[in-house]
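Structures follow.
Note that chain A is present in both complexes that follow, paired respectively with chain B and with chain C.
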Partner chain A sequence: MAEVEKSKLENQKNLGNEEVTPSTLKTIYREIIHDKWAMVSLFVALFIILFSIIGSFFINQDKLLTVDIFNSWLKPGQAGHILGTDNSGYDILGFLIVGARNSILMGVSLAILIESIGIFVGFISAYYGGIVDLIIMRIVDFFMIIPQTMAVITIVSIWKNYTPVNLVLLMAAMSWMSTTRLMRSLALSQRDRDYVLASKTSGTGNFKIIFREILPNISTFIITDFTLTLASMIGFEVTLSYLGFGLPDKVPSIGTLIGYAGDTNYMLTYPWGWLPALITLVILTVSINFFGQALRRAADARQRTA
Partner chain B sequence: MSIIEVKNLKVWYPIRGGFFNTIKGYVKAVDDVNLSIEPGETYGLIGESGSGKSTIGKTIVGIERPTSGSIIYKGEDVTKGRNRKKLKYNRDVQMIFQDSLSSLNPRKRINDIIAEPIRNFEKLSKTEENHRVKELLDIVGMPKGSMYKYPFEFSGGQRQRIGIARAVSTHPKLIVADEPVSALDLSVQAQVLNYMQDIQKEFNISFLLISHDLGVVRHMCKNLSIMTRGRFVEVGTREDIYDRPQHIYTKRLLAAIPDINPRNRQEDTKERLRVEAEYENDEKAWYDKNHRVLDLKPVSGSNTHYAAVPESNSMVEQGGK
Partner chain C sequence: MWKTVLRRILLMIPQIIILSLLVFFVAKLMPGDPFSGKINPQTDPKTIEALKHQLGLYDPPLVQYGHWIQNIFKGDFGQSYTYNRPVLGLIGERAANTFWLGLLTAVLTYAVAIPLGLIAGKNEGKWPDRVIAFYNFVINSVPPFAIYLIFLILFSFILKIFPSTGTVSASAHGFVQIFFSRIYHMILPAIAMMLSGTTAIVQYLRSGIIDNTKEDYVRTARAKGVPEKVIFRKHILRNAFLPIASSLGGTITGLLSGAIVAESIFSYPGMGQLFLQSVNSRDYSVMITLTLLFGILTLLGNLLSDIIMSIVDPRIRIQ
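== the complex of A and B ==
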């Protein structure tokens, strides 16, 4: 009997949801299905991410990073190296897979960190307003005028023996500002809605109002911003590695491979050293961006195409 | 013994400007207002847009901070957050909002919306809470199935009833209803107002009914105040104000009520024009130099009726009509 009652309720629930306005997930799904490019991008991005993460389990990193100068700059296909070898005789394909995994993991952890800081600081700033807002926003302004790449390079070159975790924290410290500003503006648009006032008169605490009432209402924007931050953070990490200030020497990154293009001699003579990495990077960031754009359209009803 | 007393309430908003962003002046949204509400009564607060009536309501429930003055509830000044917390003030004083859609969180189910005050102020088990929510939905005439729906799935009248259910969920003593029906069409207005009256009878709740609709207030309230420019111009019982208006602003407001009988149309128009002309001629006498409404004075021959009349005015003796 109770079972019947329950399934009836479930039914009602589902009916109610489908009849009127589709849920967020459904809108996102529809937007992506409608936009062929977004769908292709999603699959390509997922393929690259999964391939590099799963593939890296099958690669013996110690063996990969053994210097073998007799086999340096082998052409693709020679001696079992599908994409050839580099300066130190490292297998380019293996290096690329592990490097892509590292770059992606760096990007993901940076994006998570930046979004968390942005949501927390931005929401506090917008919700409390007044002097709190003023102080936080001046701190944001201060960080914004620091040229982020130069600052990271300077600190990294002073800091000996830093770990990838240190680097993530350092990079996050230099790039949390724009997300914070976005979150602040989103929270400001919600702060004075009547439902927030109603929660206040219902005796709900400030933190609960911020994270349980306001946050779900802008979750779509957060997902969207996450993907776009992810793409730009992968780019940032690659830039640093390319310049030689990124991940520590023994940790491969896509940027290390692209770095071979920095030397004109290498760039022209050994294109297999840097080209595959560059192509992987471009495809990955472009497809994440395309997918992110579709998410953004799903989040904003006026931009929707489906 | 009144349930809540508002004493000399002032809510001023600073106007900042200039190079150093200094305070150049104030918007006096509420300027020295006194008001008290009896248990179980509906008190009407009438005024045009921007007269400060909503600000009074929001100050009473504690979401707007007063510049000065006090609000006394159970002998404590509840303009201080500490006292509000101590008394669990918002369990006893709740609010119904004008815009029913924006006052319900679009991401929450009706169940969670109505249960929010219960979860904060009372410790009930899940089944008890569920039971209470169903009971409340029943009181406002909504089917039980609506518990699991979202706010956008309902019409304006239904949403406003959900708002009422949330407001009464902790059995409050006073509900501030900020234009609860002005966004609804006429038939739905009557329905929502009737639900409010039923609830009032059932739980002995006081209402502070904020409205610009003279008909609604006449239907609902025994005592009422007319407000303009942040001040009360006239306070009294329904009969005092509707039958014997003293202030020219009140007269002008009452003259604006349309009459459904078309036979009197020409006379009504004439009367309206006369009131309007009187208002324009005498306006200066009824307000002070800064266009501020004068202080309230008792009207002779009544102990409930107060009006902001000038010191010497022959018109006061003539009385209303």
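== the complex of A and C ==
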């Protein structure tokens, strides 16, 4: 026992030493900091996220959502409305900021929830194996055949007075499978490594091995999957809101604004209603995805450039 | 191989049963009853009660489920409340439209993705590869519905090259004219849906070619003097195509889920548009049938993938 403790201590000492193999997170940081375009995309994504979150503190939501039909479809710049107004006289810029914040918050909470489910279920499946693994994987297979968009739309349409939190849970219930599969395969690749076996031999508990030892070793993949899930979940929520089955009526989303493009009466006559929202959405998802791809390249030793 | 297929089909049965149970209980949660639209305020409440008893609405849920399944096997999916006609015929018409659009999209997808994947794989790291990687990245990052919308606005409304609604123009006569008018109406949604379908195939083919080029058997073939062209065609390409063969079933699933959004944006009267219309008009029997149908089609897509895989790759056959 004493010797094990000693070697553990030595290992910890070595962690601070640059000569030893650097930790995965550190390598990623080194890689990404030299990737100019990844940094630009990170900056752009953070700018949109922070701007919408901080900006929405300065917007009075009750005033924003007050119908004012005398000022409907004002052109950009008229009467102090920088991006004009929409059908109900709502200020487009204010609507866009609050909508972007809501869509981003939906995406972030979905991504956190999906990663947590994926890590928990995937790890248990991989670590215990056998019948547990079999049952969990059959459940995953079953959820994979449920038509995702259809199921959410069907349930939302019969669910009276659902809240954004309900929607997050519902969307997560339909989207956790691929992350769970990924986490399972990652955990499987670690399960029989020497360090896990050594921990087991020395009597470390299962949960400690899973969350304190395996988890840090695959943290880079989790971060990468988080960014990609974030982008796709923002896309999913905006699509649902565009179709009218996303966030409830009183909660604006980017998709609500883009919805004006779906109405042929408004599409070409009032482009300022939907164009800023569409541009924001495209820039946001492209920049998050670009950063996620760069992270994935950095995490994959075979694709390393620097 | 037949053993593998049989095993897959047996695995499908419990999935279909659970799916149908879920769909049934969601349907039970929906407001309204099968008489909506058939009765009027003057109908005697007692008559309605009697009708409800007759139809078995007071039976235990599992008995009702049994009746529902029996009716499905008889081809009776209920009555559409908005269209006032049997659901089966209504969906049948729309299914044909979705099928043709899906077929055109699938043909376009492979026609575009395979050459792109080949070029990218052969020129790893050179400019064609980087251009294709950029294309792949952009298409993958933008939510599909935004791509559809941009296509619709740009090509149908601003440039006015393609029609924005319908399947066939009223002035078309004769087989040839109708055929081309149909394709003309489908081509814009098909191209837009094709774009998001290509990315995975291009990616698989590219990495398949790059990975297989480094394999030992390729080195062996080179060492014994097999010409480069033959190595590429017979050794590398055959293996690189394996994941694409298996993605064929996934393409079907992708087309179905894409159909809901794409058909509503391009006002194309297929199953996806019918689904959204039925949700908006609370036409529950249509909604339920379509959800069940899409689930079963997804299952069949997966089965198709497995069958294709076991034909092209004998290694994965289960004994």
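Keep in mind that, in the parts below, the second predicted complex is superposed on the first by the 283 of 306 C-alpha atoms of A that agree within 3 Å, B and C clash if a C-alpha of one lies under 4 Å from a C-alpha of the other, contacts with A are read in each partner's own complex, and residues count from 1 in each chain.
One rule holds in what follows: a residue touches a chain if its C-beta (ideal position, glycine included) is under 8 Å from a C-beta of that chain, and two chains touch if they have at least 3 such contacts.
All figures in this text were calculated on a predicted structure; none of them were measured in a lab.
Touch criterion met: A:Val282 reaches chain C, while chain B stays clear of it. Applying the stated contact rule after C-alpha superposition, one finds that A:Gln293 touches chain C and leaves chain B untouched. Counting the residues of chain A that each partner touches, chain B and chain C differ, and the larger count belongs to C.
Of the two partner chains, neither chain B nor chain C is touched by A:Tyr260. Judged by the touch definition given at the top, the superposed model places A:Ile146 against chain C, while chain B stays out of reach.
By the touch criterion defined above, A:Val238 lies against chain C but remains apart from chain B after alignment on the C-alpha atoms of chain A.
Of the two partner chains placed by the overlay, only chain C lies in contact with A:Ser157; chain B stays clear of it. After overlaying the two complexes on the shared chain, residue contacts for A:Gly203 are found with chain B alone; chain C is out of touch.
Chain A uses no single residue to touch chain B in one structure and chain C in the other.
On the side of chain B, the complex with chain A involves touching residues 58, 61-63, 88, 90-91, 93-95, 97-99, 102-108, 116-117, 120-121, 145, 148-150, 152-153, 163, 166. Interface residues of chain A facing chain C in the complex, by the touch rule stated above, are 141-142, 144-151, 153-155, 157-158, 231, 234-236, 238-239, 242-245, 258, 261-262, 264, 267-268, 278, 281-282, 285-286, 288-290, 293. Against chain B, the residues of chain A that register as touching in their complex are 9, 12-13, 16-17, 19-21, 193-195, 197-204, 213, 216-217.
Per the touch definition, chain C reaches chain A in the complex via residues 15, 18-19, 22, 26, 29-31, 137-138, 140-146, 149-150, 153, 157-158, 164, 256-257, 260-261, 264-265, 275-276, 279-280, 282, 287, 290-291, 294-295, 298-299, 302.
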